[in-house]
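In the two complexes below, chain A is the common chain; its partner is chain B in one and chain C in the other.
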Partner chain A sequence: MSRPLVIAAAAIFALVCLAPVAVMAARVGVGDFEGLLAGRTLDLLGRTVRLGLGAAAVAVVLGFPYGFLVARTDMPLAGVLRPLGLVPFLLPPLFLAITWTAVSDVRGATASVWVLGANTFPLVALFTARAFERIDARREEAALLVGGLGAALRMELPLVLPGAACGACLAFVFAVNDFAVPDYVSSVGPKFNVYADEVFASWQGDGEAGRAVATALPLVLLTLALLLPALALRRRGALATVDGDFRTPAPLALGRLRWPALVFCGLVLVLCAGLPLTRLAWEAGGGTRGWSVDGFRSALSRTLDLERTFLANSLVTSAVAASLCAPLALVLGHALERSRRGRRLEVLAVLPIAVPAILFGIGNIALWNRDVAFMAAIYDGRAMIVLLFIGRFLVFPLLITSGAVASLDPRLEEAAELAGARPATRLARIVAPGVRPSLVGGWTLVFVLAMRELDAAILVPAANGTVIFKAFNRIHFARDDAVAALCLLIVFFIVLPGLLWSLFGRRRLEVIA
Partner chain B sequence: MTRAIELESLTVRAGGRELLGPLDLAVERGEHVLVVGPSGSGKTTLLRAICGLARPHSGRVLLFGERVSDGPRLLVPPAGRGVGMLFQGGALWPHMSVRRTLEFVLARAGTPRAEHRRRTGELLELVHLEGFEDRLPSTLSGGEAQRLALARALAPHPRLLLLDEPLGPLDSELRASLLARLAEVQRSLELTVLHVTHDPGEANSLADRTLVMAEGAFVAGEERKA
Partner chain C sequence: MIQPRPRGRTLAAVLGLAALATACAPTPDVVLYCALDEVHAAPIVRAFEESTGLVVGAEYDIEAHKTVGLVRRIREEHARPRCDVFWNNEIAHTVSLADEGLLASYDSPSAADIPEEFRDPQRRWTGFAARARVLIVNTDITDPAEISGMWDLVDPRWSGRCGMARPLTGTTLTHATALFSVLGEERALEYLTRAKQGGVHLTSGNATLMRLVSEGEFAWGWTDTDDFNVALDRGAPVAAVFPDAGPDGLGTLLIPNTVCVLAAAPHPDAARRLVDHILSAEVEATLARSRSAQIPLHGSLSDLDHPLPLERMKVMAVDYARVGAEIVERHAQLKEMFLD
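Here is the complex of A and B:
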């Protein structure tokens, strides 16, 4: 390990990821805890937890069978459906909310739970698929010999459940952090306010953060209680790949169930991505006024002209944040995995996502909005957005990379050390190429999350210039073909890097490890 | 003349458990010493402590008369000890071709860039891998991969070669061929070899001496050649 590199990366991590959390924690006074047990606060927390658990349950119901079918069976089109299964997660959940409330009468808690579950099911599917793939063929064959497919599945279930649980924990975290979906759903039906939009409202009202932080404490603890086991499960999954004697299992034969399986996966995709995208395309092409190709094309081209600056702003800031995260993740992920105390520091690494996103945004305001020239320059400019994105999302590439390093044989680095390669050279020439799919996967994940980020950025003035913020405002004030076209353009640019990699990349993107 | 390896009361610990020692060992220059023992007996830890990849808990390691570690202090870093190691399973860099693997090591060893091609050619000739320059490790057979690992270990001109189960994944024909290559290389380069394996039959013909290891200590030794 290169000590200067690790110290520099850790200092950046502390400033960008931990300092906003620390600033918020410092603002809490003893008096702020007084309202913690008030009925209203408990109701709020209860609703937020119900939302998280409900969304995680939906994600498991859809994602577990989806992951199994695309990864381990002879279902037709499994190879195509596997990458397509990621698409719902790439869509900003707000877009799912506006389309589902437009095509159905579902409102309130049910709508929020469904939308966030549909949005996060790919996380469960991804972890489940990976867990199924890690089962050695010989173990499965032994079970098949004694009792056929049923016995094989019974043997495999305990091995894959931890992976699925890890995905479900992440689905919970994404759901309880979401601000835009409950906010929008509440605006078109009965109010279903959760923690995030309550903080948004109170911050806009009185700008007082101490009570908000104190109120969030149970939620933070609950999130950590779910994230830490998820991390342990993820690590166990990563280590399962170390075995050099591994034999890839053959696809399980579904027999007559092949076509019903395809229908199930197709239906899941239609409900979670196809329907929302079709609805947006229909609205962009004229909607109730009558759909036409010309109308659709014209709406896209007008919107592209009108919102070019916002789109460019989002693309640049997201790409810069993702590009800065990659080297930081490499250095810190490697240190986390290879150092003796690294694993204990993982709890610090996940802190920025354990804290509700909206509080993380307020923490950034408190940290950077100061009467110091250079800080004011950062706060008012694009740099603020980049810092916010890095602070919020660095944890993902960091964990992905550390997982990939765990599966990298340490002897590869030792052989280079023995050959005289310095720590930085080993990192760049031996480790980085070995974990490249994870670095690219981490880059893509940060880019995607940054492009759709609203939850932490909603209160930060510099983020007003992002295209998703623009879409959020326009959705609330008008629903026309231009809004739908803007949503479609955002989706296109979010999907673009993953699409390019799928077309030209020789290896699969690793967004989990 | 000083000895190639001298271990004085060497111990290695991990997680509060003694993995090795206390061990004393003296290996003469040019000697080929075979260390046999069951899995988990401390053979690999012994090699790692000698080359500096594992930090000793106590004791001393001297290589060619130079003290390279004293207690837990590593006085000479692994790359400065003049040691080549053939790792168990090869540990080849999967993203580097045969040529790039050797050039990477040559560059670290300070070989001028202009000489890389010539030296790579020499090394490949030595291990009979000519014509494999642009192949990736994943496209090599077990025997070819082990010979590349041997070439990599020899690239920085080591005086001491450490072999960690070098014949493990190979069939009997390939074992015989690699052993012959090893004998040839040792003779031509006048190397000292410390060779660990779980298979007592392995390399018996090459070894000057066989030591038996169990639970981190030498439990028996045998002089084989006059």
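Here is the complex of A and C:
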């Protein structure tokens, strides 16, 4: 490890990821916690927990079999369906909510659970798939010999459950922190109020910032309560140690179940991604006024023309943020994995995603909007939004990279050290190539999350020029062909990097490790 | 010996340049925070830029935040204000900002013929181009003559057929807060409680309610004149009822746009020029003719052809300063009432 590099990266991490949280925490006084455990708060928390559990349950029901079928069986088209399974997670959940409220009368809690579960099932599928792949072929063959497919699955279940549970914990975390979907699906009738909405509403008051921060505390604790087990489960499941003589298991033969399995996976994809995208395409092409290819083309070209600047802004800021995250993740992920106390620091690493988005955004304003020339220049320009994206999302490539480093044999680095390579050279020449798919996976994840980020960035001036900001305003005012075309364009650009890697990359993209 | 390759340095250089390019942004001559919909405000801002040669850094609120996003940002930025002019599409939160000492006094000559009741006595804010709270009625379902005022909403004979937005954000929150000041605590609470507990459909916003009335899902409900005009423009079978117009009635609540200069505006001269432009009769006439049909307040525009002229309504006498002072407290109270 290069000490100066690690210190520099840690300092950047502290400034960009932790300082905005610390600035907000410093506003809280003891009196601000009064009334925090009132009956109404507890009711809201209970409802939010039920929403999270419901969404996680949907994610498991869809994601567990999906992950198993695409990763470990001889199901037809498994190789195609595996990367496609990520698409629902790439769609902004509000796009799913818009579609489902257009095609169904289900509203309120049920709709929220379904939309958020459908959006996050790829997390469970990913972790499940990875856990299933790490089962040694010899153990599986022995179980197959003794009792066939049933016995093999009974043997494997305890080994893959931690991975699936990790995905479910993450699905829970995403669900309980979302307030746009519950708000949208209860726009008529009884409001399905959740705790994240309460946190947002508390910022609409006057200058009682301390109380507003304190209001967020139960949600932060709830999020951490699930994130920390997720980290532990990730190590036991997806990161379970693979022996040196590990043998990759052969695909399990499904026999007559091959085609029903394909139908199941296809149906999941259609419901979670195909239907929303088709609906948007239908609306872009004219919708109820009559769909036509010309109408579709015209809507896309008009929208592209009109929103070009905002699309470019989002693409550039997201790409720059993702690109700056990659080297930081490499240095910090390596240090996290190789140092003795690294794992304990994972708690600090997840803090920026454990706090509500709006709190993180306001923390950035409080931190950067100062009468110091360089800070003012950053705050007033687009650099602010890049820093905000890095601060909020660096944790993902960091954990992905540290997981990939765990799979690297440390003896390679030791050999390079003996050959005279300096720490920075070892990192660049030995570690980086070994974890490249994870670095690209981390880059893609940050890019995707930054492209669809709204809640934390909403109060930051530079967010005014992002395409997602424009899209949300357009969605409010109209549901016409241009709005649908804009949503489709955003989805296209979100999916593009992963698509290009899938087409031209020689190795599979790793968004978990 | 392993030799470092130059590729890493090239990559770092490219990243650095990209980061630098991202950091660069044009410096505006005046910064405007605007809560009015961009589609209506942007042409007005462009006209100002063309006539003065000044560059306006206009930043718009996202609709989901109902103005509060920009108000919150102004509060959070008080340590180093970057906003010069705040154009709010309502009044209550502007009054709150004035009470907090965040606004400067400026008596714009453009506002000379705007009635006093829409101007802060200390000239920290000026109201213009108002919206009115009206009852939108689907004429295919209901005869507008059957509805006379706000209490019809909670009358059992309309149970399950009318609606309103939850009074938690935007103009509906301002409206509910105004009701407390004009009706008194008891009567206002009675009205809102009956609305919550009775057969009144509650929606997330006025635009949603307008759409549902236009489509015949509801017979009628509260909305703003800009939303009503959108329905009219789309050819929906709707009419507007100006509520409680009788001699003893409360009348119609007007909610003007407001514009103000920030106390610590970095560009005060340019800010005042922009305020003069926004408050001009020409801009108000433009907003009146726009799809949002804002109601002009300039005396010189009294004969302007408008679908919802001031003469057709009895204007509610409301103390905007009091509404602004109470809105935070009322928001907390209404949140308890309308969010389970």
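Just so it is clear, the second predicted complex is superposed on the first by the 494 of 513 C-alpha atoms of A that agree within 3 Å, B and C clash if a C-alpha of one lies under 4 Å from a C-alpha of the other, contacts with A are read in each partner's own complex, and residues count from 1 in each chain.
Quick note on the criterion: contacts are C-beta pairs under 8 Å (C-beta built on N, C-alpha and C of every residue); 3 or more make two chains touch, one makes a residue touch a chain.
This is a predicted model, so every value here is computed, not measured.
Touch criterion met: A:Asp409 reaches chain B, while chain C stays clear of it. Contacts of A:Gly434 after superposition on the shared chain: chain B is touched, whereas chain C is not.
Within the superposed three-chain model, A:Ala421 lies in touch with chain B and with chain C [touch as defined at top].
Shared-chain residue A:Glu34: touches no atom of chain B or chain C.
Set side by side, chain B and chain C differ in how many residues of chain A they touch, and the one touching more is C.
Once the two complexes are overlaid on chain A, the chain A residues touched by chain B in the first and by chain C in the second are 416, 419-421, 425, 429. Those residues of chain C lying in contact with chain A across their complex are 1-2, 4-5, 8, 12, 15, 18-19, 21-25, 37-39, 59-60, 62-65, 68-69, 72-73, 75-77, 79-80, 82, 96, 100, 166, 168-169, 201-205, 207-208, 212, 328, 331-332, 335-336, 338-340.
Put simply, chain A touches chain B in their complex at residues 244, 409, 411-412, 414-421, 425, 429-430, 433-434, 436.
Of all residues in chain B, those touching chain A in their complex are 51, 53, 78-80, 83-85, 87-89, 91-96, 104-105, 108-110, 152, 155-156. Residue ranges on chain A touching chain C, taken from their complex, read 40, 43, 180, 183-184, 186-191, 193, 197-198, 201, 203-207, 316-317, 319-320, 323-324, 327, 362, 365-366, 369-371, 376-383, 386, 416, 419-421, 424-426, 428-429, 454, 458-459, 461-462, 464, 469, 472-473, 476-477.
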